[in-house]
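Across the two complexes that follow, subunit A remains constant while its partner is subunit B and subsequently subunit C.
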Partner chain A sequence: MKIISLDPRIARLSDLPEESETVIVEHEEGWITFEVFHQKKKGTRHTHVGIVHAPNAEMAIVFAKESFARRGPTTNLWVVKSEDVVATDYDDSDIFDTTPDKQYREAGFYKTRNKIDLLKDSEAHE
Partner chain B sequence: MSNPEYTNAVKEFLYKMADDQLIIGHRNSEWTGIGPILEEDIAFGSIAQDKVGHAYNIYQLLHEMGEADPDTIAFQRDEKDFKCCHLVELPIGEYDFSLVRHFLFDHAELLRFEMLSNSSFEPLANLAKKFKGEIKYHVFHANTWIKQLMNGTEESKARIQSSFNSVFPIAFSIFEKSPLEDVLISEGVFEGEEILTNKWLETIRTIVNSCGVKLPDVPDKSIGYGGRKGYHTEYLNPLLLEMTEVLRSEPGAEW
Partner chain C sequence: MYGGGYIGEPEKNQPQVQDDPEKLAEFEAKIDRGEKIEPQDWMPADYRKQLIRMIEQHAHSEIIGALPEGTFITRAPGFKRKMALMAKVQDEIGHGQMLYSAAETLGKTREQMFSDLLSGKSKYSNVFNYPAETWADVTIVGFLIDAAAIVNQVINSKGSYGPYCRALERICYEEAFHLKQGHDAFVSLAAGTPMQRKMAQDGLNRWWEPIMHFFGPSDKISVHSERLMRWKVKLASNDDMRQQFLNTYVPKVWEIGMTLPDPNLRKNPETKQWEFTEPNWDTFFKVINGGGPCNKERLAVRKWAEEKGRWVRQALTNPKEKYTVPFA
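Let's look at the complex of A and B:
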């Protein structure tokens, strides 16, 4: 056998199938990827903090606890299968671009401060 | 309450509990870097650190009662002065062995500290309340793994069952009474190892039955006894030598 490299990471590459062979990974053949959401305090929002791989949700909670809740305050964790997340397509990210000439769609467009101050003044003088 | 027999009984009791925590903590930390998968490596190491932390807290309490400081207690005692049980001394073996030991030990811990949260010895009751969350998680971790592996392959089931067969009898060494236990019971410090053993058996029976593990017969209770009197397995001394190796290389060094 020809030695390609003494580095095991490179030597292992020679064991990979030919490019023409397609490797098909069946559903849940490997471990499942879970998205992890972390909540600092009850009542506040959960924040996405990363992912874990686990064979099921219960193990995912164990791993998420160690990976994301070991330091700093935590009151609750969610794990959600990544495949259950519905996402937009990056190719369509132009749908979020808005043309700048519609200031009436933005709160800053409305000069309400003066009106509020006027109202407060008038109430104060009543 | 300040009679010497009472104080000795409490100290003896604190020593045996803290020594269990320190030694199991050290043992489980031996998995660091070689755990079965990355997240579990972190989890087991983290649980081991919790145990060492519990030992530290109890040694600190002993220090407040006039014993040496926690570092001296942990690192500079002779083997015969350790009061840990034989279960925690055994080498880590394969992962199934370490997991089953963790399962059996931590269920006993959870119940023990639940009982101690009502102890008449207030500093201990406070510690028990402080440890509650961590031990609850340790038990959750152990239950999850046992359940997972008992729902796995033929090999995983066989290995868990085989570890139960070998570890379960030695687990009774946890419940070896400390010599002055009668004083603890009469003073309301602790309800006693016998009550704890029965609670433990009831709890783990329910869980292992639901997972399909066949629990071996309850052994003659003298198996694995001696630890509470300072008689240990051949495995404790090498562990102590390893644990104190750096300290002994430069005694009195400032860190």
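Let's look at the complex of A and C:
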């Protein structure tokens, strides 16, 4: 089929599919997915930015560059097969519930100055 | 672009899946607390279904939207405009990819989404069934259609589904450039020769109705689900979004001495609401159901690309690799 189009790239095609033609994209054509990690500046952390579909890691890097490094600074990209990510279960997130309560693991928990002041006070009164 | 825009109401009269009431209450409590839902979380069947539908159609809109603009890459007026347009069109395809991925985390494969687009089962934003007739149309798409999309996308980025929100945040950031370059190109025409000015005005006249259609029918005639609002799938009504758009962008058109083809368009100083002539919704439904000037062309081109690219994808496929649903 030919279409009269304003787009010269389309107007010159003579083998456009008919309206009635069914085109199915098979599942295997979509490849597998990779999780992409992006580093802005050398020395900083890589951050998860999204996924790409690719047949292998090498192509995943190419697509990751197109998808996630189009503007702004980038120094490095990682790709990891989605199936290789191992994660905790959100339903089990209560295993972390008590962590924020562990104030003794924080510097601010230790009010040593009070004790020093008290000690100095009591020494002064001796 | 080209996010969102109104594509149609969810199918009605479908038997509702009964969700586990305890899990549902927990889910709704999470949303009420402002927490995001992640792919691994339990979610109501209808939440999953509506989100897939919405994100998928948003993705299709990005991909199809690149077609009318791509038409003018070869004929952009000057090197700077050509670079900007190429960058924009590339962004749109990238946005499509990100959105397909977000929908994919909900369990529908990207290939199934492609097939549904090609069969006409799944829709895309109606504005792309219209042609970009001149360079002025490209500037108007970049300026006003992107602006409308940004209104929609900024609102949706406050939704409840994590992967969609994250994709939208990135998309909105990049869209800011689309809007600015569109506005700049449009103002250049408006500030140009009488012929350029006429071109810009003709373009506005052509695009005004599709732009007014963009957010969908008035809330008075389109029922929206309380539940989708509660689940933060839909966050603002069609009318609210349209008002927000008119309020910001009509003054930007008027300030450069251009007109919009609606004599009733004005901001009511008392109600602070914009008043306008109701666009023809019969036209809207006719176009969305296949009767627009470019529906045939858009799908034919997508089918052609899938068919002609298949051998490349197959040649690269490693049959030993097994697909799993992406993580985030």
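The criterion applied here is as follows: the second predicted complex is superposed on the first by the 75 of 126 C-alpha atoms of A that agree within 3 Å, B and C clash if a C-alpha of one lies under 4 Å from a C-alpha of the other, contacts with A are read in each partner's own complex, and residues count from 1 in each chain.
Going forward, a contact is a pair of C-beta atoms (placed from the backbone, for glycine too) under 8 Å apart; a residue touches a chain by one contact, two chains touch by 3 or more.
All values reported here derive from a predicted model rather than from experimental measurement.
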Could you say whether A:Glu35 touches subunit B, subunit C, both of them, or neither, answering first, second, both or neither? second
Per the contact definition in the header, classify A:Ser82: touching subunit B only (first), subunit C only (second), both, or neither. second
Can A:Ile116 be said to touch subunit B (first), subunit C (second), both, or neither? neither
Report for A:Ala107: first if it touches subunit B alone, second if subunit C alone, otherwise both or neither. neither
For A:Tyr90, decide between first (touching subunit B), second (touching subunit C), both and neither. second
Superposed model, subunit A: greater residue contact from subunit B or subunit C: C
For A:Met59 in the superposed arrangement: first (subunit B), second (subunit C), both or neither? both
Go through the superposed model and pick first if A:Ser67 touches only subunit B, second if only subunit C, both, or neither. both
Counting only touches as set out at the top, which of subunit B and subunit C does A:Ala124 meet: first, second, both, neither? neither
In the superposed view, which residues of subunit A touch subunit B and also subunit C? 52-53, 55-56, 59, 66-67, 70
Within the complex, subunit C is touched by subunit A residues 1, 3, 5-10, 13, 15-17, 19, 21-33, 35, 48-53, 55-56, 59, 66-67, 70-71, 82-83, 85, 87, 89-91
Help me check something: in the complex, which residues belonging to subunit A touch subunit B? 52-56, 58-59, 62-63, 65-67, 70
Note which residues of subunit C are touching subunit A in the complex, please. 38, 40-42, 67, 70-71, 74, 87, 90-91, 94, 97-98, 101, 104, 109-112, 114-115, 118-119, 131-133, 166-167, 170, 174, 296-297, 299-301, 303-304, 306-307, 310, 313-314, 316-319, 321-328
Residues of subunit B touching subunit A in the complex: 39-40, 42-43, 46, 137, 140-141, 144, 147-148
